[in-house]
Structures are given as C-alpha cells and as structure tokens.
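Just passing along the structure, written as structure tokens.
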C-alpha cells in the first residue's frame, strides 16, 4: 500500500479522497491555490502545499508544481479527483515519469479512449453497440453520403471532444457544409485537433452510464448503471441508480458491454462507460470517462462498494477482491448537485461569501461538500458546492428523502439551485421516471411562485424586524448581489397541495 | 394515514420523527419546555407549543399539557420518542382516552411487559429462554432456597425496574437477607412497587437485543439483533449490528424467540427484546423495551428498513408490507453515542453553550443530532447530544469509518466523550469483538496521553497566539468550566503507531 | 407602544401594526387580523425562529433598499417596508432614481458577446449579452423593458464584478 | 521584530521565539529549531489553520489563566505561556494562589454524599463526594493530594454550578 497520497484537486472530491486515505491509514496530502489557503480540503489533509495563484491554469492545472509538491511531501501516489487534470494523459505520464503512481488508468488507455473515433473503433471491435456513424471525415462529400445513409438529423462531433463539448446538430443537407467547416475550426481551436466525425442524432433518449472497475489481475467488474438524463446544456444535475428505464435484462447487457469494452481498451482502475438508451431498450456507446465521476456516490449507495478505496487498492496492485457475481444492487439512490447559481435569473453563477450553512442529515442522507461558514465561492472554480445523495429502499423513498433533505439545506451568501431541485423532485414526470436528456430544456419550467401561508409569515417577520430596527437598531447582513426585488414573483396557493405524492405542507425549516 | 402527528419529546429523536413525518407528508408538531424555545426540534416542526418550565416533570413528563397541545394542534397521533413518557402506560392510555393514536404498543402490552415477573412468565409460556430464577419473592426463605438452587452469585431484581435500574448482585448467603430487604425498600421508593425476584447472575455475557415490529394484521417481523455490550454502569455507549458473537443459527433462534414473545404479549408496533448471550451461544430473556430505542439506526442501516416510518404506518393500521423472509442484513453498522461529559474527569456531565460545532459526513456516515452553534447543554435533560452511526461492507470498514468520522467531529463549549470512542475503536479487544457487559468497567482504561507531534504543533500555535495577542490584542473565548491544566497528562509517542489496524497518523482535523 | 408599517410582496399589500407589552409579548396586526407572535433570534446570528399562534417558521433576513428579504426555506420573500424610520437608503447600481436600470456584472468575467446597441428597444427577459465566467457562458437578461441608453462595454472586455454593462431607460 | 516566550505542556518545556517579517511571513523557533509557519484564522471565528513546513494542523484555542488551551482533534493541550505581556490574570476558583485547591460544582445539582471531613488526608484521584445532576450520580475526585481544609456543603444540599464544595490544602 502507498506510504502517502496526494490529491491533485480541491473542494468536496478532495475531502472524499482524503477520507478514504484516513480510513486506509494512508497520510493524505492536499495542494492549494492562493485563493484556497483556508479551504476545508487544506485543513483536512495531513500535509498541504501551495501550488500557485488562484487561476486554475497556474495551480490546479500546473503539472510541474503538483509533481514538485508530491516529491517534497514524499507522496508515492496521486489521485486526480475529477475535472482539472483527471483525464489528462500527459499528467498521468508525468506521474509515471516521476515514479509516482497515478490513481487511474494508464496514459495509453486515456489517450486511446480520449479520441472519440478511436474509442468507437475499439468498442465496435469489442461488440459494444455504437450509434451509426463514421470514422474521421476527410472529405465533405463523405459526410454528405454518411448523413444521407444515417438519415437527418445527424451530429458532427469533434474527435477530441467530450462531456458534451464539440458537438453540432445538423438537421438537413442545407446545413451540412457550413456546420462541418465550423465544427472543424472550433475543434481545432478548442482541442487542438480538427478531426470530426458524423454520428446519428438520437432524440428523446436517456443518458445511462455503467460504472466499472478493473484490477491488474484481469478482474473487471461492472457496478450497474446510473441514469443521468436530467441535464441542462449537457451539465448533469441529478443522477440516480438504478435507472428507472433499465430492466434486469438491459442491465445485464449494459454491464457485459461495459466490461468487454474495458477489457478491449486494456483498462485498469475505475471508469465509466456512457451510453444513450432509446425507448426500445437499445443502447449506443457514447464515450468512456477515464476517471472517478462526480456522481459515483449513487453507485456506492446501492452496491455498498467504496469506489475510492477500491481505486487506491487496485492502483497499489491489490486484487479487487470481488467479482461480477458478488455485485448486488440494493434499493435506490439519487444525487442532487447543489450549484451556486441563481435559478430565477437564468442560472447565472452566484459568487460571494457563505455567511451561514446548515447541511441536511438523518436517515438515508449522505452529504459530500467542502462548505463552511466564511467560505468564498469564487469565479475561479466550478460552481458546484455540494452533493446531496439520498438512499431509499425504493425510488419513491429515495426521492422523498432527498426532497426532505433539500428542505433542510440552508446556504446564505450565494444563491443556489435548491429551489430547482425541490420542484424537480415534485414533478410528476420525473417521479414517473419519464425524462430524457432534453427534458429540462424542452419540458420543464421553474415556477416563480411563493407559498401563500409563507407570505403572511414573511409579512409578520418583516413587521417585527422593522419594529426591532426602529426600537433597538437591529443589524442584518446586506442583501447578496444587490438582488432586485423579483418582479416576476407571484403568490400561489402551493400550501397543502399534494403533487407527485409530495405534500407541500411540511416543507419545514420553513 | 394521520392528519397531523405530535412528537412528545425533544432533541435528536424528535427531529428523527419529524423527518419521517415530512417524508410521509404528515405535518409535524413539536412541544417544548421554556428552556427549549430556540431548540432545533422547535424550528424543524410545522407547529410548536410550549408545555411548561424547564424541569422535565413540569413539561416533557406533563401528560395533561401534552394532550392539551395535541388537541389544540388537532394532532391525531402522538409519537413518544424514547425516554420521558415513552414507556408510560398511563400516557398511552391518556392518548387513547383523548382519541389520539399513541404510536407504540397498547397500554395493556406496556403494563404486562413493564412488570418483569409477568414478562418472565409470558416469555416462559412462549418458550423464550429465560435465566433461572423465581416469580415474586414473598418469603425470604424462598429466596434462600432459590439462590441455593440456582447457585451464587444471584441477582435480586425489582419487578418494576428496567434498563439496569433496581438490580443488586448477591455473592453469598451472608449477603442475601440484607440485600433482599434493601432491594425491597429501594424498589418501593423508586418504582412504587416492592415486588422483587431472584435471578441467576450471568458473568462475562454480552447484551444482545432483537428489534421487532408487529402490525395489526398478525405480521410480526424480527429485524435481527444488535449488540450493546459496551456499557458503563448499564448505560449503552456503542451499539452494533450484527453482533460479532451471533452466528446465523443463533440469529435464527433469537429472531424466532423474539417473534414468539411479541405474539404472546399481543404486541403491536416496534419493540426490542433484550437478551444476555453467554460464551456458549445460550441466550436468556432480560426484558422488552416497549418503544423505539436510541440505537435503532444500526438496525435501519443493515436492513434498509425505516423503523420510524413503519411505526407510524402500522400505528395508522396499515399492514407492515414485508415478512420475515424479506429481511436481509447487509454489511455492518455501528453507533457511537456522543455524550456531553468529561472523559478525563470521571465522565462528569458537562454543561454549557456550544460555541462551535462541525459534524462528520461522507461515505457511510449517518448523523442524528439536534446540535447547533449557540445551543445550551443544560442540567435538565439527558446529556447525549448526538449519535454517530457508520455503515461498512464489513465490521472492519464500519469501525474505520466511525473512527474517521469521530476525528472530524468538533464540538466546542462542552466536553464530550469523543476521545473515549476513538480509543475504544482502536482497542484490539473491541476490534476482535471480544467484549462483554463489564468490559468497560473491568478491562478498559482511558489513556491520558497526548500525541508527540501534536505537542510541537501546540507549542507553535501557542507561541503564535501569544505574539498575536501582544501585537494586535487577539481575543479568544475563555476556557470552559475553568478546566484546570490537566496534571495527569503526559506526552506519548502515539504518532505513526498502528494499533488495532488503525493508524494514528492521519488523525486529521488534527 | 405600537408602530405601523406598509408592507408589500409582489402584488400583495398589508398594513402591519406591531405591539409589544411590558412582559415582552408581541402582537402583530396584518390589516384587520391580530396574531400572537413569538420571535427569537438564534445565538445572535443569521437565523430567527418565529412562532405565530402555534405555526413554527424559521427564517433568515437580509437588508435590501427599502425593506428586507425574508428567506423561508427555499423561498425568498422580498418585502418592501414603508414607514420604517431607519430604512437603508434606496439606490445602488441596479435601479437608478431616474427610472433607468443598469445591468451590472454579477461576477468578474469576459464579455463574449453583446447583442444590443444604443437605441435598441428591449423587452424584459431579453438576453442583452453573454459574459464568460466560471468556465461558462452566462446570458444576461434585461430586468426592465425600454430603450438601451448606454452600452458600457465591448466584446472581449474583462469586467469586474459590479461593473456597469448596459443601461436601459 | 521578535518576541520570546517560555512554554510548557505537562513536563515538556520549550523556549519559543516568533518572528514576522514585512510581508507577513512567520517563523517560530522552538528551542534550537526554526520552523516556517503559516497561520490563518478562519472567518474570524473559532478555528485556525496552521501549516508548519507542509504539515497541516487545524486547531482551536481558548484562554486559560496563564496561557491557552490548544485543541487539536480530540486532544486538549494546556499550554502555560510565560513572557506574554497581556496574559489573562491567573486565579479563579479552581487553583488558589496559596497552593490550595477547591473543588467547585461542575453543574447545578444535589449533594448525595460527602466522603471526607476536615483534616482527612486525600490522594489525587480519590472520590470526595457524589453530586446528583442530569439524572446521574457523579463522583467528584480530588485533583490534588493533601489535607481537607474545608467542606463547604452537607449531604442533601442543592448547589449551583461553580459553588465551592471542598478545599484541599
């Protein structure tokens, strides 16, 4: 086992990995930018080293500084978390060169799977279903032929893209030439690689992904699927396991495909194979995420596996210790990504100082966060500030618990998307499991209503506050971001309605 | 289902029940003493009513005021939590009389099982193993005969006692007469009932208890056992499920015995049958707790059942909805009761204002508490301030996670027994599962050592604080309770030792 | 002693009277109805507990120009308060005294695109420009219908939080 | 600028020197060894983050007579500080300036039993009396060996928190 492990990341995922280290008895090392000196991940770690100024390019993406910190600390392993350098093959290679174990797949596997065209080729060879499409398109005429054959609409995708970036939808022949040219230029400027390919555009599909983990000794285990269809602009917001649309038979096929694909790619450590699932139960390979995912806890809650502990163990050369037959999914788990943004103002990122925080707890609730009173939510980093994960014996209970926990969650100082999550979990379509990747954008509208009984309570509260100020000079914090009194608000009788099985009365911490 | 539910309790258990209400869509009502106006359970509830002054006799034990609050709120159900009125048959009867459903067994079942001699009789009839002993002792000569037959040491127990109260150990004939007389007088003054009986004293046994739940439709399900052998003066401190000493065969016999006993007592709702388990796998009925237990979460974590939700559902007349065959125990759970007491000063209760609190979270951790910054820990109520519960795929992982979480837990303003829990979880005997009910008192000694590397950090911290004060007038809180600089402390090289599989380095939030 | 305020949330208006007797009991009248009220500030901090005739509410509050934002659970109630002797001065970058409205940068970032020019008519809710920050393109909307009076920035400009971007008259 | 203190935890003693240069860099010497130190108070609150040459420590601290209690994880380090200009006055009920020690009530409660009388010799750790509070009988121990000088209370008495109970000389 490792003598010391450095986490090349920040925020909740760093604490997640440091917790695993502590449970394994491995000293944990944090790195931090100048903006993060007081951050929780720095305080949680046994050791901490500054790796540069606030901008990520100069710190959390700064490979030499991170390797240097690891060497100074005497760390023999680096966990990259997600984001930042986690899918950067050059970083994995730099670790190897420095004699440090990178907790993740080999640089070769990362490179192979990072190229979408190569990845499609490998998966096709491993008999993993892929969407109809092409290899690299060199000649525009080739694209025209392919599109005609596949049928419009089609996608033009950057070979080096990923996570929804570098994708254009083409609806007809007329749009094709222009789209192809633009896509190539964009791909070149964004990824340094002009390679593009054409793929069938699948509509009203679900995003379903399979978590897998592989050790050095030939064991590959698929840990069931997650459903991440609730997205806005390719940004996942809610993930759950199992998928409401996946039958045991589809699950078996998905898991087998993922395991075959991982073997074919020579994959070691944890990874995720993403698929699109259509209404007929057909699924198509999308891409492999060669790292730990944000949403890994939902898999942990239904399988009982500790993915981060297992990542570290297999990176150290230990055998996984369990096989596909040992994997049982029990109950249902759902994750809500809590993001610092203003749901009522076009989901604009919200920055500021957290002046108060109370996180949910109790039965079935797991929180992953690095929140504390006094924390700065800055422009420099991702705006996800916490993950709320709920487990229930069935999907309904998981949703009820998540909803209950959301009502307990209090964050002051920045706006959050908690109101969005509450309404989503109350939505009948979501509660039926009837969503697809465009559901949020096409079918869901955030309400701007205020509960009537809350209106009178707010009036009473304001009257008392006004009287206290006039009498005794009560002091309060100034409003965040100079929020304008929301003109669009209207009162609505949401009280005592029961919608989607969740009663509004009893919203508590009201 | 109920229209509204009142929780006749305070603290974490009230929030536990209110959370279940919110998940079920039932408005929840709190009651509070004048000392608890700002308490979390008051703020969590949809409605809250004051029921009297701080002393429990005048508030949380005040039956008329509680019934009155329920009527004012229009509550049609009352959950008693644990402690206070939870095993008070008169309270259950008062609820029934007021037309309010008591979430718990009938007053008749509570009375029957509250009388230890009666309970022994019922259990004997249901073929539940009981320790050798007598019925009521009227004549001292009878006690002498019984003790000779059973063999010393024996126990003299108050029929109306429970939870370890009203018990005397008698080692020889010489002590018997005096002990009998004293026991009777004590029983009369403590419980208003002089009835006593003689029972075999079992040494080096484990406390093992079976959780069961019964509905109105004849279904009784035993949810496996909990092991609560880690006790100090009959006060449980750590509970786990399953018991390290219980084999599947013993578990089957325990569960069958508990279910038979519950049926024989005409029991409805959740209850716990306590047993002593000897080293040969023999178990003996101790008593039935006719309420929700403090330690119910460990059962919830390994079975996936929500006991409080099920209590409410069966109290409303719903069928339980699952049977004995559906119950599967998955993994291992362990609970640490966090108590406001000074482990280094004879476990004296510690009172004061919580000036800072940070609760653990992350993988496998469930917190149940009502803690908040500014909370008063007062002399009026029980000194347990939180429960930390950890789940792991096996016992070792559950212990590692609990230990990791304990290192994260920070409470300022009162002393807590967190250092005790840390040392217990590091103890080799505990980690082997080799404990009994007298383990803490006879075999465990809390160390008063300070880690050496912490000493230099503390010196540096103090030097910097002194310089900051001299330069800039740094202000700090004054020490709690005027704690005297502990003379008994000594430095010890605990760093980097590995004991009981847990490494000290990486103690974090160090 | 009693004080009276004019309160407004969106379209809803109330006249409120607050009475406090010697032993600290508080009563609040909203229009014609009196409520027995108990308020407690928790630990001198951000959180208040309010019990209105048995109903338990937890709220936090912040100052806004001309009143308070009362935050109850996930909901923010913007309450305009008339009649307060010690109200925070109205004003600020957002709403000019002259009836203009200025879009200010909600965070530091780079102007990716500006969709309007001086003299354009815009509707409330229309996207005026795109600001890149936190690795995302953020569309900034008009909170007022009117005519674009000034465009303070150009495409590609780096702006700090709070910087004026576009003024609508 | 540098200041020097004499520090003690139990048997362990150090001489500490604290240096701060213009750009805020802090160095601390413990006896003969210098450490590069970074301290940050989190949000002006209870918690400090300390990094000593890469080792990360989180601590909280409270004032005690003659020094600080530094709390790191579950451990309380009572640090006596000599040489501080602005030390909190020594004294308090617990440790008399005259070398006596007085047991004070750690909480309000009822005296259930007193095991010692004036003139008794007691060892450190001996149980002196039993106080009932929080539904429990609490045994109170001597924190000093010596002779019982005064017993301030009798069996059955109700005592408030902080009340003197027994003085040992």
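Here the chain labels run A, B, C and D in written order, and each chain numbers its own residues starting at 1.
Just so we're on the same page, a contact is a pair of C-beta atoms (placed from the backbone, for glycine too) under 8 Å apart; a residue touches a chain by one contact, two chains touch by 3 or more.
Since the structure is predicted, the reported quantities are computational estimates derived from the model, not experimental observations.
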| item | value |
| --- | --- |
| B-D or A-D - the one linked by more C-beta pairs in contact | B-D |
| For subunit A paired with subunit D, centre-to-centre distance based on mean C-alpha positions, whole Å | 47 |
| Distance between chain centroids, defined by C-alpha means - subunit A, subunit C (Å) | 32 |
| Whole-Å separation of chain centres (CA-atom averages), subunit A against subunit B | 39 |
| Shared interface positions of subunit A, touching two or more other chains | 43, 45-46, 372, 407, 507-510 |
| Residues of subunit D engaged with two or more neighbouring chains | 45, 47, 55-56, 58 |
| Pairs of chains found to touch, sorted by chain label | A-B, A-C, A-D, B-C, B-D |
| Contacting residues of subunit C [partner subunit A, same complex] | 3, 5, 7, 9-12, 14, 16-18, 20, 26, 28, 30, 35, 37, 39, 45-48, 50, 52, 55-64, 67-81, 83-86, 88, 92-95, 104, 106-109, 124, 133-136, 138-141, 143, 161 |
| Subunit D to subunit A touching residues, read off their complex | 38, 40, 42-45, 47, 49, 51, 54-56, 58 |
| For the subunit B and subunit D complex, residues of the former touching the latter | 342, 345-346, 348-351, 355-356, 379-383, 406-407, 410, 412, 418-419, 422, 450-451, 453-467, 469-470, 473, 476-487, 489-491, 507-510 |
| Residues of subunit B defined as touching subunit A within the complex | 15-16, 18-28, 43-46, 297, 300, 304-306, 308, 330-331, 358-359, 361-369, 372, 393, 397, 400-401, 403-404, 407-408, 498, 501-503, 505-510 |
| Interface residues, subunit A side, partner subunit D - complex | 30, 37-38, 42-43, 45-49, 72-73, 372-374 |
